[in-house]
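One chain, chain A, appears in both complexes that follow, with chain B as partner in the first and chain C in the second.
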Partner chain A sequence: MELTRNITLGVYLPGETAIHRLDPRTKIIAATMLITLLLFIKSYEAYGFFLIFTAGIIVFAGIPLSYALCGLKPMLPVLLLMWIFQFFLYSTPDANILFSWWIFTATDAGLHMGNIITLRVLFLFTVTTILTLTTSIVNLTDGLESLLKPLRKIGLPSQELVMTMIIALRFVLILAEELDKIIKAQMARGVAFDRGSFIQKTRKLFPVFLPLFINAFKRAEELIVAMEARSYSGGKGRTKMKTLHMGRVDLGAGLIMLLFTILMIYIIISAAPQI
Partner chain B sequence: MSLSVRKIVISGILGAISILLGVTRLGFIPVPTPAGHATIMHIPVILGGVLEGPVVGLITGAIFGLFSFLQPGAPFFADPLVSVLPRLFIGIVAYLIYVSTKNINNILALVLAGAFGSATNTALVLGMVTLRGYLPFEVSLSIGILHGVPELIVAAILTVILVKGIQRIRTSEDRPPVS
Partner chain C sequence: MPIEVTDLCFSYKKGTPFEKEVLQGVTLHIEDGEFVGLIGPTQAGKTTLAQHFNALFIPQQGRVIVNNCDTADKNADLIRLRHDVGYVFQNPDYQLFAATVGEDIAFGPKNQGLKSPEIIKRVSRAMSQVGLDYTSFNDRDIFALSGGQKRRVAIAGVLACRPKILVLDDITAGLDPRGREEILKVIRKLHSEEKITIIFISNSMDEVAELAERIIVVDRGRIVKDDNTRQVFRKTADLKAIGLEMPEIMIIAERLSSCGYNMPDAVLNLEEALQKIAENLQEGQVKKHWN
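After this line comes the complex of A and B, so read on.
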């Protein structure tokens, strides 16, 4: 059971491409735009353009395709199952019935809904993975902090919230290694995690979770001491050693993103009547 | 509003555990139903609410929700109204239940906090799924019963075990080294 192998979230692949050199703010805004567009896209043509666009970014950023997609592997069975669910159970009053069997009725509306939602999931996954693969944690923090700074004015502790998110992202990998050790230790003692009924399997997880949570809380206490010893105080009066600068690359990327967004909005609006 | 270092760190680490349970699929307990898995990814959120209060519960819930939106395990989670919004309430409900029943019996309060926290997740997520029209009401209801009940039982047991374990190391650390 190699747990850390399929984790691509929060992993950074260092590189020298233009995508890597982009200002983190440009990348975060672009990713947010892409995610927002995904929520509205309902036609296959739009997904076609989206596929070309994301594939272009992946190639341009020099990310090995197998690596970008390996995080998807554990999700596939669930995705397939949910697609079948949508196919058979979702329907609208005016949908054409493709075939029916026992209590299940497959309609073209269900097929469309299943396809669209599954595609949306796949692309959401790809967009966030590309963002974290090409942006180091430090850059991601700086970018988010600078983008969310205006929210401080309405009383939201934006810097602290960004810090929380970064701690979460950073600790996923640390805790994954720890979880790996705990599971191996239990297996060495003869626990077979993949055997037994549902109740037996669940019971076997309890001696894994307890050490995981206790270790996590011990690490949390250490981190609290470390941060307090360095007088961490969130956003108040903090300055940066390295400030962010937008350059010519960002202008280019911004223009490409703008064109793509306009194209997408055009497709979404022109396809609006048929849902 | 300002956040103490303690709240920042604990919400972050509990959020990390929630994400970890998701990416390793360890947070999905195989239940013999058509929809596949019951989740225990919301347990860190319940713990956050019980151990550190509503703010940590809220932030951990937000991280859990954001993660299940960005790396969805099921298609309908690719909608922030389904994945993020309902999760904000898990920690708050767990906290309120724990605080209001703590004086009767600590263990009972933990069981109830775990159970109600889990029920909040099931009810609100499936409610949103139905409202947004991803699944018809009958299907949501049957998933709610088939998944919600095992999730609720596992959550109640795990909350007691984990909170007791964590409270024990905390009290032993507070004690002076020579006693």
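After this line comes the complex of A and C, so read on.
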């Protein structure tokens, strides 16, 4: 049993490709642009182009496609649930009814909305995964910090905020590893997590989540002490060992992003009247 | 309940860019009632190997047969197997979850579907096996216990399932000397009185030399040595080559040898060393050295 095998979020896959070499700020801005575009995409053609573009990045960055996709596996049940909700509960006045059952009515508009929302979450996850897979934690921190720096002027504690985000990201994997050990420790005492009714199965989670939470709090406390022991006092007066520089690769990547964005905006606008 | 491992291979994160070969063709056989020390440098694959014994890992290649039950068999009763092969993890915090000591120890027997009088019987028995007094500890708050006590509760929680084989995964790490001594006493008793097969994973050569009858040395996913304890420690150069330390008592014996004492190659525990030193002194062999 290996729980951490399918976790790709927050994992860095070292490499030497141009995508890896990009300035983290370029990558963060590009990812933000892609995510913003995703929020407006409502047609399948646009998703088609989006798929080609992201798949291109994945291949270009040398990430094995199967690995990039395996992170989605644990999310599938949630996605399915979301799709079902949209399918049965979303409707517009002029939608065609596909079928009715009990209090639920399924319409073609609901089907379309379910598909769109599911695809949106899938792509959201993929874009973020590509970002973390190709950017080391240190670079990610530096990039985010540098981008959020202007907001310091209006009182946003950018450094602290970024630190919190990065720690959260780091903990995804740490907690997953811990969860793996706890599940094994309880399995060793004969718990069959896959047997019994729904209520019985839920009750079996108690011996897993209690130690997980207690250990997480303990870990957090230790982390605070360790940070304070090294005189961490927030972002004020901190300097960087490595400073970030944008280069030619970043210019190229920026141009490609710009072209893609224009293309997407064109598709979005031309397909707008659909819903 | 013998354990039979044949040509076992296992890779961590198989099929991802992070794939790492952990076990590369391990073959071993452990008989009933043995006390086996499983040693090796960190990341050698000790834990991964041991977690194959109770089917927490299923072989990717090769076979693991415990008590005639092939763990890779789809129809195998793995829940039962896990009750027969107890596994105590290094960190008791991963295992303990209930509010009281008694409740936590009862978790295993409850999973076995036992009735409450039998559960109480098993809990009190398991507690006495690890040297915890039932009346004073049964209702104690688990999170107020000391490190050594927590570990004993963790062992009791596994013993309450009545295992015939017990895997102890580095359970003395990070304990103070007294807590460590208490745990070792418990283990010794379990083996000598209850005749439980013990597989003892440890980074402490002192403990392994003192307790184990047979030692399996694992390095980079392979078994590099599998012999009785004295034989293994006789070849000190081999162990040093893979980054393992000598038991302290052996280092002392070696020094004494170089000072003219007549010491055997592998001294495994304090009693043995003391006896040899006494013999040396009586025979007057070292006299000239001191003069």
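Simple rule for what comes next: the second predicted complex is superposed on the first by the 254 of 275 C-alpha atoms of A that agree within 3 Å, B and C clash if a C-alpha of one lies under 4 Å from a C-alpha of the other, contacts with A are read in each partner's own complex, and residues count from 1 in each chain.
Definition applied: contacts are C-beta pairs under 8 Å (C-beta built on N, C-alpha and C of every residue); 3 or more make two chains touch, one makes a residue touch a chain.
Note that this is a predicted model, so its numbers are computed, not measured.
Trainee: Regarding the shared-chain residue A:F50, is it in contact with chain B (first), chain C (second), both, or neither?
Mentor: Neither partner.
Trainee: Touching A:F206, do we find chain B (first), chain C (second), both, or neither?
Mentor: A:F206 contacts both chain B and chain C.
Trainee: Touch test for A:P64: chain B only (first), chain C only (second), both, or neither?
Mentor: second
Trainee: For A:M165 in the superposed arrangement: first (chain B), second (chain C), both or neither?
Mentor: first
Trainee: Considering only touches as defined above, state whether A:L13 meets chain B (first), chain C (second), both or neither.
Mentor: second
Trainee: Going by the contact rule set out at the top, does A:F125 touch chain B (first), chain C (second), both, or neither?
Mentor: A:F125 sits against chain B, while chain C stays out of touch.
Trainee: For A:F260, decide between first (touching chain B), second (touching chain C), both and neither.
Mentor: In the superposition, A:F260 contacts neither chain B nor chain C.
Trainee: Could you say whether A:R219 touches chain B, chain C, both of them, or neither, answering first, second, both or neither?
Mentor: In the superposed model, A:R219 contacts chain B only, not chain C.
Trainee: Have a look and say if chain B or chain C is in touch with more residues of chain A.
Mentor: B
Trainee: In the overlaid three-chain picture, which partner chain does A:M187 touch, first (chain B) or second (chain C), both, or neither?
Mentor: Touch status of A:M187: second partner only.
Trainee: Does any part of chain A touch chain B in one structure and chain C in the other, and if so which residues?
Mentor: In chain A, residues 206, 208, 210, 214, 218 are touched by chain B and also by chain C.
Trainee: Which residues, counting only chain C, touch chain A once they are in their complex?
Mentor: Against chain A, chain C makes touches at 12-18, 51, 54, 56-58, 79, 82-83, 86-87, 89, 91, 93-98, 107-108, 111-112, 143, 157-158, 161.
Trainee: Quick check: in the complex, which residue numbers of chain A touch chain B?
Mentor: It is residues 3, 6-7, 9, 35, 38-39, 71, 74-75, 77-79, 81-83, 85-86, 89-90, 113-114, 117-118, 120-121, 124-125, 128, 155-157, 160-161, 163-172, 174-176, 179, 198, 201-202, 205-206, 208-210, 212-214, 216-221, 223-224, 227-228, 232, 234 of chain A that touch chain B.
Trainee: What residues on chain B touch chain A, complex-wise?
Mentor: Counting only chain B, the residues touching chain A are 1-3, 5-6, 8-17, 19-20, 23-26, 29-32, 34-37, 47, 59, 63, 66, 69-80, 133-136, 139, 150, 154, 157-158, 161-162, 165-166, 169-170, 173.
Trainee: Sort out for me which residues of chain A touch chain C in the complex.
Mentor: Where chain A meets chain C, its residues are 1-2, 4-5, 11, 13, 63-64, 66-67, 70, 178, 181-182, 184-192, 206-208, 210-211, 214-215, 218.
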